[in-house]
Each structure stands twice: as structure tokens, then as C-alpha cells.
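Two complexes come next, and they have one chain in common, subunit A, joined by subunit B in the first and subunit C in the second.
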Partner chain A sequence: MIGNFDFDVIRRALPYLFFEGMRFTLTLTALAAFGGLVFGTLIALMRLSGYRLLGRVAGIYVDFMRSLPLVLVIFWFYFLVPYIGQWLTGASRPITVGAFASSLITFIMFEAAYFSEIMRAGIQSISRGQPAAANALGLTYSQTMRYVVLPQAFRNMLPVLLTQTIVLFQDTSLVYVLSITDFLGAASKVAQRDGRLVEMYLFAAVVYFVICSAASFLVRRLQARIAIVR
Partner chain B sequence: MIEINHVNKWYGPSFQALKDCTTSVAKGEVVVVCGPSGSGKSTLIKCVNALEPIQGGDITLDGVKVNDPRTDLPKLRSRVGMVFQHFELFPHLRIVENLCLAQEKVLGRRHDDAVAKGMKLLDRVGLKDHAKKFPAELSGGQQQRVAIARALAMDPIAMLFDEPTSALDPEMISEVLDVMVDLAREGMTMMVVTHEMGFANKVADRVIFMDRGEIVEDAKKTDFFGQPRSDRAQKFLSKILQH
Partner chain C sequence: MGTGTYLDLLLSGLVVTLKTSLLAWIIALISGCVIGVMRTLPSRTASWIGFGYVEFFRNMPLLVQLFLWFFVLPELLPKSAGLWLKQLPNAPFWTAAIGIGFFMSARVAVQLQAGISSLPRGQKQAATALGLTTMQTYRYVLLPMAFRIILPPLTSEFLNTIKNTAVAITIGLVELTGEARSMQEFSFQVFEAFTAATVLYLIVNFIVATAMRFLERYVAIPGYIAGK
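Now for the complex of A and B:
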């Protein structure tokens, strides 16, 4: 049966799969992780701020995002954003948002909810004496966060943040609902075109597996190194 | 320099940590605060630079009211050095960077000037060779000396010490106390929460004894270690001087 497989179809599709598909997947992963981390940190700071209203708003946001399937959010956001944009800008017709921009915003919003919980745990892992010492030296709240608390929180949480980013890398494949050509999307298109579903999906699985397990291995190595330094 | 007037503080609605505390520290004076654990001595010293808020009374620092909401607290705190029980060096920064951070970000000193100042102070506490290390590579006593140098780098008008030797192994206590004695002899205004009665005997001008959130005794050193004083202070002293 294996003799009927045409693995050459993979070789021929490689440039398309990687330069189009994987490039998109990696770009989306990197930008979404960065944006998610920035907004996630802000949300974490809101939740820990001591201002009850800010904390409530951030808490509701996180709970809301974590209660919805990602596919639904991607889909929903794509169709809703043009109308929200129209409403916000007062334009006469729904504004056009590209599929990439839409998916990027969705992933940032979604990941921010997860990253915020990681950063919150990271910030709470810093003993209260640290911000007290920083304050006693005359650092303001934002300086204390920027130079003392967040660098330590980030360092403590780096392995978890990276693991979450690996999950994000896999989750980006869900953009197929917007017919975007990410790595899986590209593989899928070739598979349909050439009628080589088994080969292409097998290959895609292998690529995801190799990348993710290699990344996980590196994260574990990093974790061990951090553990020694402390 | 430090005026504490009728200060009241509660933790939650029911527990009163400070009860009508009134005392002061004059310029150049060294005041030791002692008392059993839970007596509110650490709380009192943390109120002086508003790390803990107070609910009643007034605290004035060099003429500036600490508990006034309009007071620029970061600015005020930058003028008072504080040393903590658990050192609280920033573990992700090298020793010299620990000394430079606030100099640069708060006082706006140039990096080179901050480093020069930091190295001078590290030399003073005998740790110049450790400038490039991380805090975790130093012993407790060394870390506490760095913490003192870090506070001094801000050119403080007064220094607050919150049980600076309580977390140290016995053989490291004296190296920290030596630095503090030198500081006191140079005329630094100091408020020191400690159980080190030897230190108090050597350099303190006054000793304050606290119990259950109250200032029970506030006396000149000679009077405190001499005869007339309250029962509670007597009991406390007999317990810690016994061994």
C-alpha cells in the first residue's frame, strides 16, 4: 500500500509550504506572543493593582476569553470587527480589515488572557520585600514594576511563557477557518489540488511534531539552567 | 528630623498594631527600638517612610508631613535610607547595578558617576571585589553590607534599620554591626529596630521599648540600662540579657 504513496509531491511543494505557509505561521506566532505578553502583563498589573474596578474589569475579560473556544473567537471576530470599526469611526459602510490583521488581533486578545494569568503568578511569586525595597529607594510604582518586579517575574515564568507559545504555535493553524494560508493551510491546499491527502497531512503532522518537541526540549534545558543560576 | 505624633495604625478592623505612639529622632541621634516580637516596632519604622500607611496621628520627616496625600512619597523616600531584615537586594542585578539603579533612575545621576559612587561605598563596606557578582553569590552578612551601601549611595539624611541582623548567622552579625557603628559615630541620624543590646549600649543615644503596639519606655540609654523603668521592659531585658 505504501507503494501507492507519492512522496515526491511533498518535495515539489516544499518551497510553497515553508516560504508561504510556515513563514506566515511563524510570523503570526511571534507577533501574537509578543502582543499577548505586552497586553497580558498590563492585564495582570490591572488585576493586582488594588483598584477594585480595574481588577474586576480585567478579571471578567480573562474569564470571558478563557470560556470561549478559540475557533469561535477567530470566526466571530473576523465578521464582527468591520462593523465595530464602522461604529467606532462612524463610517458609512463596514471597514475592511484584512484576514491577517483580524487573526492577529484575535490571537493577541486571546493569548493576552492566558499570558496575563502566567504573569500574575510570576508577579505574585516575587516576595513583597522586593517592591518595598524599591519603593524605599524612591522608585515610583512604574519604575518598581519595570526595573525590579517584572524582570524577575518574567525570568521566573520564562519556561511557562515559552510552553504557552508552543501551544500558540499549534493554535495558529485554526486560522484555516478564515481561509488563510498558514503552514497547515498550505499543506491542505496542495493535498486537495493533487489529491494527496494522506501524504500531505502526514507530512504536516511530522513537521509540527518535530518543531514542537524540539522546542519543548529546549525549554526544559533552559529551565534546568535557570534552576542552577538561582 | 523624625517626628512621630500620636500615631495609630490598624491591620483590618480589629487589630491595632500601633497605639498612640509618640516619639522623635533628632538630627545626628541614634535611636534603638526594641521589644518582643509582634510589639509593632517593625511596623512603626515602616510607617516613617510610609511603606505602611497610618490611620491616625502625624509623622513628619525633615519638616515634610509623610501622611499628607499631597506629599511626593518617592521623592521623600529617596532621602531616607532603609535596610531590611532580609536584605532585599535585587537578585537579577549585579551588586554594582544594585547600587546604581536608584541613583540613576531616581536622582538622575550619570551612569559613570553612579558607578564611581557605588564602588566607593562598596570599598567602604569592604566588598569592592564583589561588585560584579550577583547577590546570591554573597553570604548573608555580605548582602546586608551591600544593602547598607545601596542605601548610602542615595546620600540619605537619615537611615532606618529594620532588624538588620535578625536573619544572619551569628558569625556574620558583627561585620554588619561594625558598619552600623561606624555610621553612627560619623553622625548619621539612625533609627534601628534590633535586639542587639550590645549595639544599643555602644552607640545609641536613646532606647525605645515597645510592647503590644505601645511605646512603653522612651529613655536615654543610660537610664534604660540603669535602674528605673517599667516592669515590662525589665522583664524583656532580663530575658534577652540572661544568656
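Now for the complex of A and C:
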């Protein structure tokens, strides 16, 4: 079988795989990581706010999201988002949402639950004296968070946040279930068109492996550097 | 099927989910333990093999790994073996269990390694001083402690295993999410189907988490923060 290995199939598919597929994957990863971090931080702040109800709502959301498989959540949002859109805009029928928007919303909402746990740990890792000192200086709650607590929490948790982003990068391949052309989706479409499953899936595996290995190597180095500072 | 209600359909999906995740978890525990121990051995070769193994299984999406097991492996084997694999009855089930098992084993290995290296150095030294071999040191001293320490993270890895079985929908395993999807396609009752699946996942999660919390309390090491 190795004798039949056709590198030319891969070569011919390269522009499609990377400009179409990988671009989708990377854009989705970047936007979902950013959105997930923003929402995750808000959820973490809700949980730590001291308001019982707010904390409970945030806690239930996080537990709920974390006990469902991502594939199920992808299906949920794929069917739900048009109705939410209808409700938000007051349209008479469910609005049409593109594949990209639908998966972006899914990943932001899903990752927010995971990022919020990381940010919560980060905020809790900061010594009590910091917000107390900020308070003594007369900073308001939002100023304390913005200038004192969150920058430090973010910095302490940077390696963990980046590792979670690598996991997110791998998880974006699951949009395959909606037949979306992400990197793996592109590889699989070419594989099925040309009947070259072995070549395309091995190639996709190698690409994912190289990217994730390099990224996690960089995260480890970053972690070592941050560890020295403390 | 033809007979039975949609609930029967979903419950049979749940059974497939549980079966797949149990088999995958057994594979993950066994190979994860071997690799986790290897990473802590003094031998350079052993720890490099362990490192390579973990990197290999951690740096590819689960979906890609399942495709490799399902579509690529039978082609790379000798013809007769490949044919046998392709004609295996219930192939998606075995592929999913093995693929998810090895995927999770890398995570188990990392947890176990962390657990073993969290033990005070004196434990290993005392075992050596008592004349225990490396094998005995692990069997009687290090592993019993390490497992009790890493039980909470192992619980969440087991829950992850259950959730990850949903990925096997892509290689044709009709587990809980798959049954919900086909119920939705037959009946056009999108929200009912997914709500039912969601509730079932929540129940499973709750049962596993509660049971493990009891187990954690039972095996907690006295003197540690988690212990009595």
C-alpha cells in the first residue's frame, strides 16, 4: 500500500487545504479563543462577585456546558441559533445563519465555560492584599479588576490559556459533523472525491501534529520563562 | 428498528455510549498507567518513549485519530489483515473504543506522572533502603499513594471519555448523540430530541460524579488536605 502512496494528490490539493480549510480553522480558533476569553472572564467575575444569584447562574452555566459533549452542543446551536436570532431581532421566521457564524457562536459559548474556570483559578491565585490595597487607594470595583487583578490573573494563567487554545484548535475539527470545510473537512472532501483516504488523512494528521507540537513546545518555554520571574 | 418508542431508541444509544466509554476507559487506564510509570522511571529510554507516546496522542484531534484507525489502518496492514478488519462486525464500536482509549491514555499517563512526582522523594528512597526492587517500589509504595491522589482528576478524565464517545458519530457509531440526531431526522422534533439526549448526559454525569465523590472520600489519604 505504501508503494501506491500518491504525493501528487496532496500537492494538488495544497492550495485548497490551506487557503480554504486552514484559513477557516485558524480564523475560527482565533475568534473563538478571544470571544471565549472575554465571556469566560465575565462568567468568572460573576462567580466571584459575591452576589449569590449571579454566582449560581454562572455556576450552573459552566457545569451544564462542561457535562455535555461538544458534538451535541454543536448540533444544539446549529438548530437553536436561527431561533435565538429570530427572538432577538423580532423577525417573523427563524433567521438564516451561515455555517461560520453558527460554529463561531457555538465555540465561543462552549469555550467560555472552560476559559472561565481557568480565569477563576487565576483570579483566586492573587493574594488578598492586592484588591485590598486597590480598595484602600480608592479604586472602584471595575478599576480594581481592570488595573490590578485581571492583568495579573491573565499573566499567571497565560500558559494554561494557551494550552486550552491548542485544545480548541483541535476541537474545531469537530465542525466536520456539519459538513463545514475546515482543514479536516477540506482534506476529507478531497479524500472522498479522489478516493485517496490514506494520503489525505495521514497528511491532515501530520499537519495537526506539527502545529500542535510546535505550539505546545512554545507554551512550555513560555511557562519556564514565566516561572523564573516569580 | 421499526418497533419501540423514540425513548427506547435513545436508551439503546445510551447503552452504546456507556459500553464504548467503559471499554475505552479500561484501555486508557491500562496503557496510561504503563506509560505514566515509564515517564517516571530513572531510565532515559523509558521516559523518552513515554514522552513520545504522550506527544503523539495529545497533538492530534480525536477526530483525526479516529479516521486514522478507521480508514487508514486497514489499508496499511497486509491485505488479508486489512480485509479482516474492514469486515469486522461492529467495526465502529471497536474502532471508537480503541481510538478513544488511546487518546485518553495519554491524558491518564500525564495525570499519573504528576501524581507519582508529587510524592515526597523520601518514599522512593525509603523503599529502596528497605531492599524493594523497582517493581515492588511501584507496586507497594508509589502507585497506591499516587492513585489515591489523582482520583479527582481521573474522575474528570472518565467524564471526558464519556463525552468523547460522541465524536465516534463521525465513523458511524450510533451512540446517544447519534440516536438523538436520527430521531431528529425521523421526527423533525429537533428540540425534543436534543433535550432528551442532554438530560440523559446530565444524569450520567451526575451519577458518575456523585459515585466518584464517595469513592474519593473513602480512599482519601489521612493527613492530606483532601483527607480526614
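Here, the second predicted complex is superposed on the first by the 228 of 230 C-alpha atoms of A that agree within 3 Å, B and C clash if a C-alpha of one lies under 4 Å from a C-alpha of the other, contacts with A are read in each partner's own complex, and residues count from 1 in each chain.
One rule holds for everything that comes next: contacts are C-beta pairs under 8 Å (C-beta built on N, C-alpha and C of every residue); 3 or more make two chains touch, one makes a residue touch a chain.
All values reported here derive from a predicted model rather than from experimental measurement.
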Combined model on subunit A where subunit B meets subunit C, clash or fit: fit
Which of subunit B and subunit C A:Arg52 touches, first, second, both or neither: neither
Broader residue contact with subunit A after superposition on the shared chain, subunit B or subunit C: C
Partner chain(s) touched by A:Arg93 [first = subunit B, second = subunit C, both, neither]: neither
Partner chain(s) touched by A:Leu68 [first = subunit B, second = subunit C, both, neither]: second
Contacts of A:Arg225 with subunit B and subunit C, given as first, second, both or neither: neither
Which superposed partner A:Cys212 touches (first subunit B, second subunit C, both, neither): second
Partner chain in contact with A:Gly138 - subunit B first, subunit C second, else both or neither: first
Smallest separation of CA atoms, subunit C relative to subunit B, angstrom: 23
Residues of subunit B touching subunit A in the complex: 46, 49, 51, 73-75, 77-82, 84, 86, 88-92, 101-102, 105-107, 136, 150-151, 154
For the subunit C and subunit A complex, residues of the former touching the latter: 55-56, 58-65, 67-68, 71-72, 75-76, 159, 162-167, 169-170, 177, 180-181, 184, 190-191, 194, 197-198, 201-202, 205-206
Contacting residues of subunit A [partner subunit B, same complex]: 127, 129-130, 132-140, 143, 147-148, 151-152, 155, 230
Residue numbers on subunit A that touch subunit C, as the complex places them: 1-2, 64, 67-72, 75-76, 79-80, 170-171, 173-174, 176-177, 184, 188, 197-198, 201-202, 204-205, 208-209, 212-213, 216
